[in-house]
Amino acid sequence: MAVRVALRNKCGFSGFLLQLSYGSRQGRVCASPVIAAQQRNNSTTTNIKVDFDQSTGVAVMYMQSPPVNSLSLDFLTEFCINLEKLEMDKSCRGLIVTSSQPKVFSAGLDIMEMYGKSPEHCGEFWRAVQEMWLKMYSSNMATIAAINGSSPAGGCLMSMTCDYRIMADNPRYSIGLNETQLGIVAPFWFKDTIINTVGHRTAEMALELGLLFSPSEALKIGLVDQVVPEDQVLTTATQAMTKWLAVPDHARQITKSLMRKPTLDKLTSSREADIQNFVSFITKDSIQKSLRVYLEMLKKRKG
Amino acid sequence: MAVRVALRNKCGFSGFLLQLSYGSRQGRVCASPVIAAQQRNNSTTTNIKVDFDQSTGVAVMYMQSPPVNSLSLDFLTEFCINLEKLEMDKSCRGLIVTSSQPKVFSAGLDIMEMYGKSPEHCGEFWRAVQEMWLKMYSSNMATIAAINGSSPAGGCLMSMTCDYRIMADNPRYSIGLNETQLGIVAPFWFKDTIINTVGHRTAEMALELGLLFSPSEALKIGLVDQVVPEDQVLTTATQAMTKWLAVPDHARQITKSLMRKPTLDKLTSSREADIQNFVSFITKDSIQKSLRVYLEMLKKRKG
Amino acid sequence: MAVRVALRNKCGFSGFLLQLSYGSRQGRVCASPVIAAQQRNNSTTTNIKVDFDQSTGVAVMYMQSPPVNSLSLDFLTEFCINLEKLEMDKSCRGLIVTSSQPKVFSAGLDIMEMYGKSPEHCGEFWRAVQEMWLKMYSSNMATIAAINGSSPAGGCLMSMTCDYRIMADNPRYSIGLNETQLGIVAPFWFKDTIINTVGHRTAEMALELGLLFSPSEALKIGLVDQVVPEDQVLTTATQAMTKWLAVPDHARQITKSLMRKPTLDKLTSSREADIQNFVSFITKDSIQKSLRVYLEMLKKRKG
């Protein structure tokens, strides 16, 4: 499968990103690459904790970046490194992604990575978002999102890359690609992913209006596959995984590639253009202003 | 957005069509281009009345071509001119399309434009149908169809070009692409539009059988988005519009283009071939005979 | 319609296949091509019985290959010859496919044609599977599957080629593309067919997990169109056919081609590559081992 090979060739890049971002941020608990490396050995980095059960072949990846698991450059870099490690471990057949933070799965892309930043930084950030999507959407592992909190924008995208989605039945949680509400636009591969998940018409309305769906609404339109009581999300995911692992890996993997390769190929064949496109859009004065308005609204809510 | 630019470049063509068709028909109230131009200033042409509320940025376009808003060459030309005017008016952000005629939204393409006419006329007519679809499906305005009556064939197509569809709950009304029932065939871009709206399988069965759906059936398959009591269609459309206008225009417009451009491009890149195809099909003896049978059936119904 | 022409050009091939397979199998009732030809005249071959009602223009094709209508090379060859005969008979407008075997519509591809066979044989077999799909999916006749029993894998594929599917409401019956459960992979045109039928997301989950659906589940996801009591499957199919035949043939046929041609073209333009791909996959040691395990499991069940 050409896709996997192409992605593997990029693993050097992820390491490069990691050094850069660790080098450029001060005051973090594990600013040293040496300590970070040790933590990776026991499968915990700053933002990600991995529990891998060798007996079942299933890893659980906990996102633990307070307060809301924003997908920052650091976060995405660590996420991809952990993912790559599991992907290359033949004994790991299934991956469950969930959150350690209360009330939120992931709040989506970290706006601070796009606001007031240089074009170079924005481009680097966008490449990391692409990388997360490419790695997850093409993963050879069976992947399940245990959505134990709200999951807007990039959080929704991450959920949709999985093979199966289970969401907590708390009506205060919501999920959706709400980018337009912020004045920004979900790029074509976000769009392709949601079309593949809920169909063209539902995707069109959801994207244009930037809709956030309650768990029961999300279930109805097929944005999630199952809704369960909040305290049963992870156990249900573990049970569901046994069904996915009952299928011979090679047959499931080839079938998954058959379903997803056309969508993946569209981005892999136009990554640089997509980055250019994002950078020129996000660095526009009008878009920066939209982001500032949004950030100020967020501040007021907290205050 | 290349599509809009391409469409704008064609506005000279619409005016040309208007003159031609006004010139070729006698006995109409406003046969003179001069009077037609005055009417356009106050936003009423023979077949179309436009109420534009500057305070909300929403225009309502009433189709008022007795008895059933048939999409004739005249009608389509006026429709496109009115649409183009609104499109170019930056203060107009939303468009509601509805009918002034009782019991019918639009009866679809005017068969008299295809029966016993020269190939040139048929080609001119078809270009106007294409133009309506291209303009509506790519509109930068938020568009809502307030379907206050039956909407077969071309009427259904026009509804489907909108961003949102609200239909009166009268079970005597129906909507669908019923072309095959008349012995004719909905072309590829009608087909693409209904696939985008209700999905491949439902579209396949609906098109092959030429199905007309009751409002509740149409709601169930997603051909319309909402069904309300007959006297609330327009007010519901106005309320729904506020939700669409709450989204920043540029984000909604780029997203809409992202969703619809591939479908639009298929026709823009093959307009002439599509016209040729239509003309050679519709001028066949066997098809002309089908149309005659259908017209005679219509006459008997009335009689 | 280019597709039909292309298929017609291949009819010599089908006869060739028939001779070969009849020649290579001993002890069959009609091992002689002469007897087989006579049977074809009265519309019964070894595995297929055809009742053609001239008055209605509807043929019923009964699959009668004990015990489970496995799609062997012989079976598929006869199926395609019978289909071709009906297709070329202008008076035959509708085709109902059903089973004479109790409890099963068709068990799908005959594994014995892929297990322990030469690459040449596997390739010949695969070409026959392609031929069945191409002929059925592009048929000019209105086609209805009267699914009066279980219909896994290739049986499900055959059902999905029809214009309409009616299934017996017996909860012990199931339908689906369960290839991955056997360690094999449904090729791209199986995948395209199920996407066209149930949509991308449902197809993805159904294919990756190799799901078999009960009649009511199949109805819910749109894999079948109607579920009726077991003894009413064929009469319901006959009634449904009148609706399909009420549409003018040429309009229905062109519309069907419009809907299905892109999917058909993908295989017709890559048939040889698809055969190569299948042969190199199925003759792998690991896949042959999977098939042996599956066959041994089947034997134990019977024993």
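To keep things simple, chains are lettered A, B and C as they appear, and every chain counts its residues starting from 1.
The working rule: a residue touches a chain if its C-beta (ideal position, glycine included) is under 8 Å from a C-beta of that chain, and two chains touch if they have at least 3 such contacts.
Per UniProt, the chains are A, B, C = Enoyl-CoA delta isomerase 1, mitochondrial.
Worth saying up front: this structure is predicted, and the values here are computed from it rather than measured.
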Copies chain A and chain B - rotation angle from C-alpha fit, nearest 5 degrees: 120
Copies chain A and chain C touch via same or different residues, half shared test: different
Interchain centroid distance [CA atoms averaged], chain A/chain C, Å: 41
Two or more partner chains touched - positions in chain A: 199
For the chain A and chain B complex, residues of the former touching the latter: 179-186, 188, 191, 199-205, 207-210, 286, 290
Residues of chain C defined as touching chain B within the complex: 163-164, 195-199, 222, 225, 243-244, 247-248, 250-252, 254-256, 258-260
